[in-house]
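Quick notes on the structure that follows.
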Amino acid sequence: MSTPLLSVRDLHVSFKTEDGVVRAVDGLSFDLERGRTLGIVGESGSGKSVTNLTVLGLHNPMFTTVEGEILLDGRELTTARESELEKLRGNKVAMIFQDPLTALSPYYTVGRQIAEPYMKHNGASKKDAWERAVEMLGKVGIPNPRQRAKDYPHQFSGGMRQRAMIAMALVCDPDLLIADEPTTALDVTVQAQILDLLKDLQQEFGSGIIFITHDLGVIADMADDIMVMYAGGAVERGTTEEVLRSPQHPYTWGLLNSMPRLDSDPGAQLSPIPGTPPSLLNPPSGCRFHPRCTFQDRVAGTGRCTTERPAIGSGRASACHLSADQKRTIFIEEIKPRLG
Amino acid sequence: MTSPIDIGDGGTSVVVSGEPGPKTKGEAVELAGRSPGRLMWMRFKRDRTGVISAYVVGFFFLIGLLAPLISKLYGKNPYTVYADERPDLFDSAGVPVHPNGGISGQFWFGLEPGNGYDVFTKLIYGIRTSLTISVVVTLAVVVTGILLGVAAGYLGGKTDYFIGRVIDFLLAFPAQLFFIASMPVVVSLFVSPRDETPTYVRVLALIIVQWFLGWMGLGRILRGTALALREREFIEAAKVSGASPWRIIRKEILPNIVTPLLVQSTYLLPNFVTAEAGLSYLGVGIVEPTPDWGQMFSKASTELVMQNDITYMFFPGISMIIFVVAFNLLGDSVRDAFDPKTAR
Amino acid sequence: MSRGGRQAYGALSVLAAGALVLTGCSKGGSDAGDNSKRDQQNAKRQQAAIKFGDAADSTGPASPVPGAKPGGSMEVLQRDSYAHLDPGQIYVNDEMTVSQLIHRGLTGYKATSDDGKQHEVVGDLATDSGTTTDGGKTWKYTLKDGIKFEDGTPITSKDVRQTFERLFAPFINQGPTYIQQWLADTSGTGYRKLLPDGPYKGKHLPDGVLSTPDDKTVVFHFKKPHPDLPYALAMAGYSIVSAKGDTKEKYDKTPVTTGPYKVQTFQSGKSMVLVKNPNWDPKTDPIRHQYVDRFNITFNQQFEASTKALLADSGPDQAGVSFNNQVDAGNLSQVLRDPKLKSRTVSGYQSYVGQMNLNMSKPEMKDIRVRRAIAYALPVTPFVRAYGGTDAMEVAGGLISPTVSGYDPAFDPFGKKKKPAGDPAKAHALLKEAGKLNMKLTFGYINTPEGQQYSTAMAAGLKKAGFNVQRQEIPAETFYDQVSKLNNPYDIFHTAWGADWPSASTVMPPLYDGRQIADGASVYSQINDAHVNSEIDRINTITDPVKSAAEWEKLDKYLLTKVVNEVPTAYYKQTQIAGSKVGGLVFDDVIGGVDPRRLYIK
Amino acid sequence: MLRFLVRRIIGAVVILFLLSIVTFVLFFGVPRDPALLMCGKTCNPDSIANIHHVLGLDKPITEQYWIFLHNLVAGSSQFAQGPCPAPCFGYSYHTNDPVWNTLMDRLPTTVSLTLGAAVCFLIVGLGTGLLAAWRRGTMVDKTATAGAMVVSSLQIYFLGPLALAILVYQTHWFDKPAYNNFTGDPLTWFTGLIIPWVVLSTIFAAQYTRMARSAMIEQLQEEHVRTARAKGMSRQYVFFRYAWRGSLIPIVTIFGIDLGSLLGGAIITEYTFGLPGLGQLAVQSVFFSDLPLLLGVMLFAATMILLFNIVVDAAYAFIDPRVRLS
């Protein structure tokens, strides 16, 4: 493979707030190939959404500091001018948001909101753009699209609104699609339809997708690769198969452990991760996860977890001071049985 | 997560997701186990504008409180007619002959054109009068707002409908016109037209008319809060466990409306101060010789002052601006301390 | 009579004006000039009393104004719109002034000098100022030939009868009541019983009261002598109304005029245009002129606005004047001190005298030492100050105004001219002597900004002399009603009174005749002194106006030295200005302002 | 929509009806007698009774109120002063002019004052507010925000006399404010009102600056605004098409309330500058105990408030399709 579609290298994002500097993303690196789907998992506040908004340049430069590289098709985005970013947004990179009700403007028709980026990026006439909007609505499975394009978002059902969002994201045929929890606000049947739709469309358009969620079930279904994030950094990455079958990081274990499964033993207990996510204002020293980690005493060398931040390599990797053997044994002997 | 990610340069911060943000979370750890009141207090203390404003506001209240003491130390009172006591300082129309309204080491803020009262003592006593009235109106409005607003929101149904219509009706009143028209009526309720109108009756009348048309906004807000609270789980739980409505209101609802109440009250009070001054300015509130902020404005708008002694206007004018600005800033800080998510 | 004063523009001036409407002759305050010398001279001529003219004096036309020429439009800037044009309703200064141009009565004041200072009462529509053979009980008037209403109808005794009979109708309630009371021989409003519906239901005054033997002759029959009738008839309120054109209430907006001008258009609150009345014959009128073609009157011109416009002296305002607006307080001192403006400015006294009434009905006020103590203690500076200082007010000595016959400038019973802020030491001594130190004194004051201002300062002055002053506010609109109630709670209160004609006979009897004490009467101090009462009766029968003036001044001195029921505070002054093209600008002492009849355009 | 309007109008009429009753009761609660103001120099019980009779004040209050309602709806020819077509508020006790004509006479002053000021404060206030929101966090924003904070804390009764004192009394740069008919001479109309306009709109503009800024900032935080940005729409486009559209609702609401209450009489402004508008008329009617006039002004002012409430609600439908289509 030549250059990846998206390549993030050692990204640091911090905000200035009244209380101090918040390090929302702290040394994150990952790659995304064309036509593949990367699932990003993590608790709230782990920096997944921030990362993706930073990719689009939708941060406020007055309060935000961005360091590191974001390369789209080999092109540096962190230093790009606003006008260049504008040309990329909605065109090369598109985004689908979590709540389609609030993410669509109540004041304009669905058709207009879909047509807008097409007019802007393709220089299309109003009429052509409208036709394209109708076409896209048809593609995402809205019945009677010509008529419904004239409707306002509040006249759509929740699932239809998310379809409209997707139509809006795909109207310019983007290379990269960032879906930020696109199904969280929907009920389960609609959720499945939307996921299928996304998969179909990926087939058709061949875009790379970053899929953000905290739902491991959804990610198992959608993603080719998985990156687990905690407190602004990646703690584990690998293919979906690898991460779900043989997870290496205590945090990932915790995530798996706290997730109900249909196929699990009814007697098995769900055990949430103890403690609360750390303050990014004043993050814990060493491994960010150590205050909540029950395995730190097994790490060789006293207090290593509290002083030294574990690094994460490329490819299949995890950021933990436990040795590869320990990781494997602990998972097989202590975690797996509990998962059933 | 609450993060000031923004739409481009100089734009505005965006709530990236509905989940609680790192900042709040961080504090939750840091301040775990502290009551919301403590939390608010900690946030407030960090807000330098808010703290300074609070000191300024406190200063005004202190002046009002200590006016008699201050004037005693200063050795004058706001009732002495210096135009007759010290005719050398005035012309025949009562304008101070010395420049800048007769400001001197003896009369720090000068002398009032007309009867030649001492401006300094008049101002501090005026602040005392105005603040007394406004504080009482605010208290009355708060009590009424709680009673009617919470009743409407919590009881719902017919009570809500009825109180809602009353609020609609009162909001359609041309307020200022109503104040002017009703002041004499209210005064006449307390004194027969033959008798002297003691100052306290005027004060009382001002309180009553302002209270009558002052509570609706707060009432509506509290109704909304109570309505929302009614649907919340802990209220449901209390209901199921058989608590009486009165107990629920007292134990569960009232503690939860403290936030909007405190925020609204800090906005209401300066409004009552300016409204009271407006009535006295129009001549239907406090009248000479009782010192009052609004009455000083009324004096300041006479030709005598506008023509001859512009200095005089600035004492009530500037002091009121400082007071209102400080109070509004304080209101913003209180609001932010309670509800840090609000954008500024 | 007039209204206004140094109110802040806006509602409160309206409020105060309301109080003044109520009691036509009372006055809140004023702005006027400081040229005391000139004013004093103005006033002096009043001591040369006005005589009642005979047929020769009453023959028209009026002697021409020197240098006058006819033609042109004059702009008139007025603050208040005319609420009434029906003569029967006219008692307010503004309306009385415009009446000089549009209405005529049986008698009128003829200026016998060109400076507005000497007058005599002459026959206006009548051939002379009236003849009486029985000391003032029966008065006979004969109408002139050739007198007509604006519609061309000749004026006959029928119209005169209508004019006086309609004054008894219920809707006439704003005008003077002297003649009605004299005809019915009652005081108060008891006169209405004489003819409750006016002439409108077929009833008329019997010949024993008012007889009109032929078209030209009118005879008034009184039970008591009223030598002042020629004065009274000269009031605008007794101008003649057309019997044919009497539209009752509507006459108030569309009167049928008799004077040299008629109303072309009148938009209440906005403007009024007066044009020449072709049916007015100068040969019948010894008083008026008809130089100007038309008067364009604009209302709602505040004092500041009219002063500024006239000072600017540009465009149509060069031929601009105001009949009643004074120079506003802000410009007053500048106007009075600018020699270039001297020819465009006129100043003079108004007829009002401000006085602090000491309520004689109160037991604690029975002691003359207490009353003297008040008189010495009371500072009059607060009053002068509240109404604009010495440019507008002059500290008063006696109760008779400089505009009224008999005024004595040397009279100063309480030393106010030297010690206007009062003499607390002397007052304190008097009070101590009376053993009434710290006595409670209830001071009723008018609730206007000025009233609040001067009353607080006066109270402070009285306190220094050892009084325990209790101020009680009285709403401005009902001030005069409240203080004229018999059992009112006030020990002292301030009123002002102006003469209706330049004789103290319209001052002394209404204010100090103890037999008139009643609810609503104007004997504010409730004085009932046998000597005063008998003197009033005696002087009222003196038919020689010059002699009676001297007697009234003696009574003034008696009141203030022997009775002390009043403390005079101030004489009201007034200054007016006109554009540079206005000719014939004269401060007429009888009108108490610019004489509109003499104006012409240069 | 039509049904909504009809319902709102009926509600407004009911409120006006209640208000007229309150005003009536209030008036008769005043311990002063209009007859005293009208009965001239020689006032006594007879003449007062007579005036009471002429004014109909000797009838029971309920009957007087009934007559008032009847005249309002059907007009009357019973008045001595002349006929009084509906809507008949009767004749002023004080001036004897028909109340309706007086109201219509004073209306142009108030309308000129209000609309002139409204144009100024909308342009200046919203403009500054938008600029501050656009350049949020910069010196421009901080200056505008702080300035607006201070200026909106000013009171007309301080700024008005101050402007008069400086511009009129001290420097003589301007004439004292006055109302001149627009049709008579537009120039004097303009110059006569310029100080009141500036004073009134300064304070309002500051309030609108603060309001527009915070409304825009709130809107810019809306997710749909972020979506629009994510689509690649320019900052200007998002600012003016998306955020501004949403900000209109609070702005229109407040503007409706302000306009409604100002058109009913800008009492303090008219009092301060001596402008003969409805506000001044209202004050007069109270001081003169002029019941017909007081009722007229009260109801007129309340009508304006209610009318603009309804106009605002109708405007929502134009601004927000969610309102229009539900």
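Labels A, B, C and D are assigned to the chains in the order they are written; within every chain, residues are numbered from 1.
Everything that follows uses one rule, which is that contacts are C-beta pairs under 8 Å (C-beta built on N, C-alpha and C of every residue); 3 or more make two chains touch, one makes a residue touch a chain.
Values in this document were obtained by computation on a predicted structure and should not be read as measured data.
Which chain is most remote from chain C in terms of Cα centres?
That would be chain A.
Report which interface contains more C-beta contacts, comparing A-D against B-D.
Output for the comparison: B-D.
Mind checking the centre-to-centre distance between chain A and chain D? Centres are C-alpha means, answer in whole Å.
54
Report the inter-chain centroid distance for chain B and chain D in whole angstrom, where each centroid is the mean of the CA atoms.
Spacing between the chain centres: roughly 24 Å.
Please tell me the distance, in whole Å, between the geometric centres of chain B and chain C computed from their C-alpha atoms.
50
For chain C and chain D, let me know how many angstrom lie between their CA-based centres, rounded off.
41
Any chance you could list the residues of chain D touching two or more other chains?
If we look for residues of chain D contacting two or more partner chains, we find 32, 137, 169, 223, 225-226, 229, 235, 271-272, 283.
What parts of chain B, by residue number, touch at least two of the other chains?
7-14, 184, 193, 282, 298, 301, 303, 307
Would you please write down the residue numbers of chain A that are in contact with two or more other chains?
In chain A, residues 58, 62, 82, 99 touch at least two other chains, as defined above.
Chain B touches which residues of chain D in the complex?
These residues of chain D touch chain B: 11-12, 15-16, 18-19, 23, 26-27, 29-32, 133-138, 149-150, 153-155, 157-158, 160-162, 164-166, 168-170, 214, 217-218, 220-221, 223, 225-226, 229, 235, 238, 261, 264-265, 267-268, 271-272, 279, 282-283, 286, 294, 297-298, 301-302, 305-306, 309.
Note which residues of chain D are touching chain C in the complex, please.
Contacts found on chain D: 32-33, 36-47, 50-51, 53-54, 80-82, 94-97, 102, 105, 169, 175-176, 178, 270-272, 274, 276, 280, 283-284, 287-289.
Under the definition above, what is the set of chain C residues touching chain B in their complex?
Answer in residue numbers: 6, 8, 11-12, 15, 304, 328-330, 379, 381-382, 384-386, 388-391, 421-422, 447, 449, 452-453, 456-457, 460-461, 470-473, 475, 482, 488-489.
Would you mind writing out the residues of chain B in touch with chain D in their complex?
Listed in rising order, the residues are 7-15, 168-169, 171-178, 180-182, 184-185, 188-189, 192-193, 270, 274, 277-278, 281-282, 294, 297-298, 300-301, 303, 305-307, 310, 313, 316-317, 320-321, 324-325, 328-329, 343.
Please output the residues of chain B touching chain C within their complex, sorted ascending.
79-81, 83-84, 87, 90-94, 114-115, 184, 193-197, 282-283, 287-289, 298, 301-304, 307
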